[in-house]
Amino acid sequence: MEVLLLSIKEQLVALFPAVLQPLAGHLLSITPVLGVFAGCFALTTVLERKALGRIQNRFGPNRVGPAGLLQPVADGLKMIFKEDIVPLKADRTVHFLAPVLLATTALLVFSVIPFGQAPDGRHLVPVDLEVGLIFFFAVGSLAELAVFMAGWSSRNKYAMLGAMRAIAQMISYEAPMLLSVLTVVLISGSLSLVDIVGTQAGGFWHWHVLTPWGAAAFLLFLTAALAESNRSPFDIPEAESEIIAGHMIEYSGFKYALFFLAEYLGLFAMTSLAVTLFLGGFHPPIPQLAFVPGPIWFFGKFVVIIAFFIWIRGTLPRLRMDQLLQLAWKFMLPMAVVLLIVAAAWHRISLTWGPVFGWLFCSPPVIMAYLMLGRGGAGKKGGPRVYRYVN
Amino acid sequence: MAVEWLWLIPALPLLAAGVLTLLPTTAGRAASFVATGSMFLSFVFSGLAWLTTLDQGEFSRTTFDFVWFKTGTAALKIGWVLDPLTAVMLLTVSLVGSLIFLFSVGYLAREERRVTFFAHLSFFAAAMLGLVIANNLLLLFVCWELVGLASWLLIGFWFRKPEAAAAARKAFVVTHIGDMGFFVGMIWLASVAGTLQFFDAGAGCLEETVVHSLGAATILGGLALSTVITLLVLWGAMGKSGQVPLHVWLPDAMEGPTPVSALIHAAAMVAAGVYLLARLFPLLDAVPDSGSLVAVTWVGSLTAFFAALVALGQTDLKRILAWSTISQLGYMMLGLGTGGPAVAMFHLVTHAFFKALLFLGAGSVIQACGHEQDIRRLGGLRRRMPFTFGVYAIGMLALAGFPFLSGFWSKEAIFHSAQVWEVSRIPFVLAVAGALLTAVYMTRQMVYVFFGEHRNSSFQKSFSERAVVTAVPLAALACGAITLGFLGTQAFPLFQEYLEGETAVLAWGDLIGWGSLGLIALSTLLSVGGMALAWGIYRPSQFDPARQQDPLNRWFPRIFRWLENQFFLDEWYRQTVVRGTCLAGRGAEVLDRLIWGPVVRLCAALVQTVAWCSRLADEQLVNRGFDRVCRAVRQGAAWCSERQNGRVQTYIKYVGASLALVVWVLILIDRS
Amino acid sequence: MDSLSDYLLLSALLFSLGLCVTLVRRHAILVLIGIELMLNAANLNFIAFWRFGPNPEALDGLLFVLFSLAVAAAEAAVGLALILAVYRRYSVTDVENIDELKG
Amino acid sequence: MIGSGIVKGMAQTAKNFAGTYIAPRKYLVTVEYPEERLPAKENARNFPFLVFDGDDPEAGLRCVACRICEKECPPQCIYIEKDKEKKPDYVGKMQFQPSVFDIDISVCMSCQICVEVCPFDAIRMDTEFELSNPDRFGGLLLDKRRLAKSNEYCAEIHPEETEQTEARRAEDVRKAVAKKQARQQAASSD
Amino acid sequence: MSLTFAIIAAIVLTGAIGLSVLRKTVHCVLSLTIVFFGLAMLYIRLDAPFLGFALVLIYVSAVTILILFTVLLTRNREIETDVSPYSRGSIAGLIVGGSVFAGLIWMIYRAPLSRGITELESPASVKSLGERLMTEYVLPLEVIALLLTAAMIGAVIVAMKDPG
């Protein structure tokens, strides 16, 4: 399938005059990515609501279209037609720019993720950057700025508070995420995602997740990803009960939809990165299944993780702000550092004596660290809430 | 005793003086013991020092110098010298001094201020001994001045008597006129010779090189430098030894107690002048028959003759002896000028003994006769004081030059050298006349005092003539007067050789040689003839002092009046020198009032005007100008401090501006 | 292609703009931002010279700028902390009024 | 252990999720409202309605315009005007009847006080909640006619309560009749 | 002077000028981000992609947020609309800036710089960068680490509300 896609692209590019060809080339490679992920967005919104319903012993949306599958269309239409209210005192330009910036960053992030590889070695990736990962995080971290702009420009105390909380959360989770990703970089030796996926070729036993440090890093990365995209247990900014919709409070209509879109795209970006880094990207679990095209595998794993996220969202209650930060700085960061060390050790050991010994030597420190930090960290403090004044 | 320990000799009496000044006036007996003991101890040490000079054989001179103080590079060295001359002087001064101390213990037994007396006396002895041992003209001069001070203290001991105080002051002033000459000479010598050390390993001022250089240098018309310096020193010596122009203080110095007169006028102070010249003899002799030796001789002979004449006319017991001292000193100067230091020193030593004897004898006579000093009211003491008469007679005969006594030999030596002196014959003639007159006035005095009837009303037998403490010194001095003469006879000139450093050899031939035999005959003729002449004139049967005037007065009244009043020298001095200085003083005062006063006031006025102008200038120009500058600086500073206005941006502006400037400057430099 | 002088021109412009901002703006933080701008202009200069320099393989310029970035970040952090402290103390962020160290 | 709570929670939600598909009846609890409805609860109450016996709302109206409910109503949303003529009530006693009986259901807070104080069981709480209508003012002011509802409807929505009231009313009628009879006997007797 | 360079230069300059002109502080800070984006693009054009994205990562995400936080924390009581955004003596500042600029321009055009671009076979590969960083520049790396920690602690202490 990759070959098919690539050849289509070439033919289309050939249509354009020479001058525009590079531009056309890029555009052509971007459009499928956008289309697919926009579609995903629509699908996931409804699937998520249905899944949550099911988790809470109730139906999800099932009114619009068969089993509610047309719900996103409804939402979209609603969003488009809703009145776009801009507060009087709001800072118009910044107010307008915030969602735009957020959406663009969310989309930009997909440009470095490899979806597939044609047999002749050409990769199905919009831009094969040599420093792909740095690009990913650089652009990813723009979200904070956008959130701030949103929060600040709407001149609303709740918005401001929500923005501050969101930023604090995103910043404090960026560090552990970067470090966990670093372990993968340490092993694969390169920042380009294509290379990272390359190192995980072959069977699923090559995948990074199937290493002691890899598993732990994968879990860390997932929790950080959740926090980064302000979802599920970490969705304090949008905590309806506390500060209504956080920084998105003064947005309505299409801008709010954009925020929504950006949030989901951020989530997709994180999951796709998780897939490429830990689950072997577009590689089939066993080489024999190679006939199935790469993107299929990619999106398979992608869906699994999304389902996992939704599952998480359904079960876990929202964390308090201090618990949230505590978890980040006291548990995940040290854990990530330990993983880094373990990964280095693994790299040394597995090269010389093979994976078995690697597991033997590397897993105990990870578990030990987990237990140690667990006890000291959120575990104990995360206990029943102690009220200082009311007893 | 080595030369290093020489300083002990003067130090002991000085120590005694110090201790005595601290003692309470009641501790009289203890004071006398301390003083006499320290004197005898220094006499013992002098003996030891004299022994060291003997056993070193050939002419021995050892010096010990040390740096007194250092002024920058020049270091002032002083020290002491031990050579035959020093040894002789030490012996005579300390022996005669200790005998006089012993005598004064008895003599002043009832004096209530004995402690201070003995303190002054030991102080005088210390100064004198210090002077003798000095190897440096400066140290000598210092001791010389101390001796002058001590003499002032001692002469003026009974300061309540106005005459004594006046006499002390007179002595001090006159000796200091002499000292001025000595001082100028010393400084001149120091500036020329570069050092005041006598013997300093070849560089001393009495050593060959320096003496020769001084002799060679001539100033103002051919006079040798050494001659000029020695003339000045001579002037100092004349002051101290009481030679003619500066002798007026000596007769008046008799106001002090007799032991003082004895010590000062017999043994010590007067001898200092002769010792000084003897010490500086190499300088005097730097140029063959130099003017200074001629001057010394003339001064000596004139003084000898003149003093002898005046002594004839004196009626005071101690004044006669004073004038005889002056004449004998004249003889010493004559001996020094013609025969060199050995002759003078021999006479000095013998004179010290018999003159001390005479003075002490006179002292006991005065005390016995209730402090009566006028010979006309004394008399007939021969039987009343037989011991004193006997001793006094020995002294008189030695002084008069009775054959084979010490005075005869020393005088004969002087006549011999005077006769030989080729410059002129007159000094020899004066010396002979003097000797005759000496014999005459001494017998006159003997007759007045000891022969004839007793004219003294207050004679007290109670004075125990035989008190040991007074009799022993007299006896000792008497044997000294007799025996010392044989030290330096023509035949066996032990004393002279010892001084020159050769070994004495017994040569009877010299004694009976044609020249000397004549002299001996001459001197015996003079002394015996003089005595006979005087006996003839003054014999009691012929002349009764109580009723008749002095025979000389009767025969030559005008001449006798001149003699009695010492040729009116005092009055003449008073008219000329004293009046002159008063006149000069008043003139200076007038001059000062009329000329200097206005000049000073004029200067003051001038200075005031200048000050006024400078204040004006200061006020207008400097202050105002300076204030303006200050204000400008302050304003500038204020402007600068304003620049630091705390605002960050202005600072960055300055940085930026300077950056731009630097860039442009670099560009411009690059272009050129 | 664009030549070295274009980059230098741009960095010079940026630098002087940064300087103007620091000198002109009243708000303390904007002064700090002006400084950041100047710093980055210098970095741009470095990279330009590194790229057009004799041997780009040596990567010296690049590393240098990397380090200067780190330092600049640290400096910005401390600067902002200071401004915050000043604000807490004098409740003023206007550079004109922060002139306690007056001459 | 930090993760144990999460795992248990996840397991629970997974069970629910699966359960809804495997045994929807046990797990699925949603009542799809417009299509399915839950039977209204017996003593649910919304807004009051007037009860009338028989089939003629005007005649059978139990309300005798005694205005107790008007006075007692906390938000004062009941407005009654008494009618001149009288009509016999269920025991035959001649009672007034309201000419006007308006309830402003936008004001009514459905506290059921009027039902409790009504001596004649003339007013009951309705369970009808789909009352949305476009007219904010007139639409929500229900007059006597729209308020009146038959006793059968009342029995339908409040079965036990109506049963008791009917029993009590029957008892009253019986006693009234008995009393009438006694009075007649007395009248007849004396 | 290619087109893209002109565009990027334009972006950077608009950002910079916005920085100096805009009244609201937050707007200035945002224009600063624009400048940084432009710079990042320039770095990428100069074959230093790692640096470009590092710049974005460090500046846009971290420093700008920091600045924004500080701006918010120091919003002084009265709304700062009435006071002119320019400090006194700003004309002098402009003059100084202008003269510095003139000096630099003069320097650039006179200096013999016109060297062409030297071909670089591969953009600064991160691997080689890593190697050099770890071998030759390890000391500066350590020092920078120390400096950053010190600065961080310092900043925290300075800005901390005293617990009293």
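As written, the chain order gives the labels A, B, C, D and E, with residue 1 at the start of each chain.
In this section, a residue touches a chain if its C-beta (ideal position, glycine included) is under 8 Å from a C-beta of that chain, and two chains touch if they have at least 3 such contacts.
In this text, all values refer to a predicted model and were calculated from it rather than measured experimentally.
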For chain A and chain B, chains touching each: E
Intersection of the contact lists for chain B and chain E: C
Contact pairs, highest-scoring chain pair: C-E
Of all other chains, the one whose Cα centre sits farthest from chain D: B
Maximum centroid distance from chain A, chain identifier (CA atoms): B
Core chain by centroid distance, with centroids computed from Cα atoms only: C
Between chain D and chain A, distance of the C-alpha-averaged centres to the nearest whole Å: 56
Rounded Å distance between chain C and chain E, as computed from the means of their C-alpha atoms: 6
Chain centre separation in whole Å, for chain E relative to chain D (CA means): 75
Chain B and chain D, separation of their C-alpha mean positions in angstrom: 164
Residues of chain B whose C-beta touches two or more other chains: 647, 649, 653, 656
Residues of chain C touching at least two other chains: 19, 22-24, 95-96
Multi-chain contact residues (two or more partners), chain E: 50, 54, 62, 87, 92-93, 96-97, 100, 104
Chains that touch, pairwise: A-D, A-E, B-C, B-E, C-E
Residue ranges of chain C in contact with chain B within the complex: 19, 22-24, 31, 95-96, 98-103
Chain C contact footprint on chain B (complex, rising order): 640-649, 652-653, 656
Complex contact set, residues of chain A against chain D: 51, 53-59, 62, 311-312, 314-316, 331, 370-371, 373-374, 377-379, 382
Contact set on chain B toward chain E in their complex: 647, 649-650, 653, 656-657, 659-660, 663-664, 667, 670
Chain E - residues contacting chain C, complex: 1-2, 5, 9, 12-13, 16-17, 19-20, 25, 28-29, 32, 35-36, 39, 42-43, 45-48, 50-51, 54-55, 58-59, 62-63, 66-67, 69-71, 73-74, 76-77, 80, 83-88, 90, 92-94, 96-98, 100-101, 104-105, 108-109, 113-118, 120, 124, 128-129, 132-133, 137, 140, 144, 147-148, 150-152, 154-156, 158-159, 161
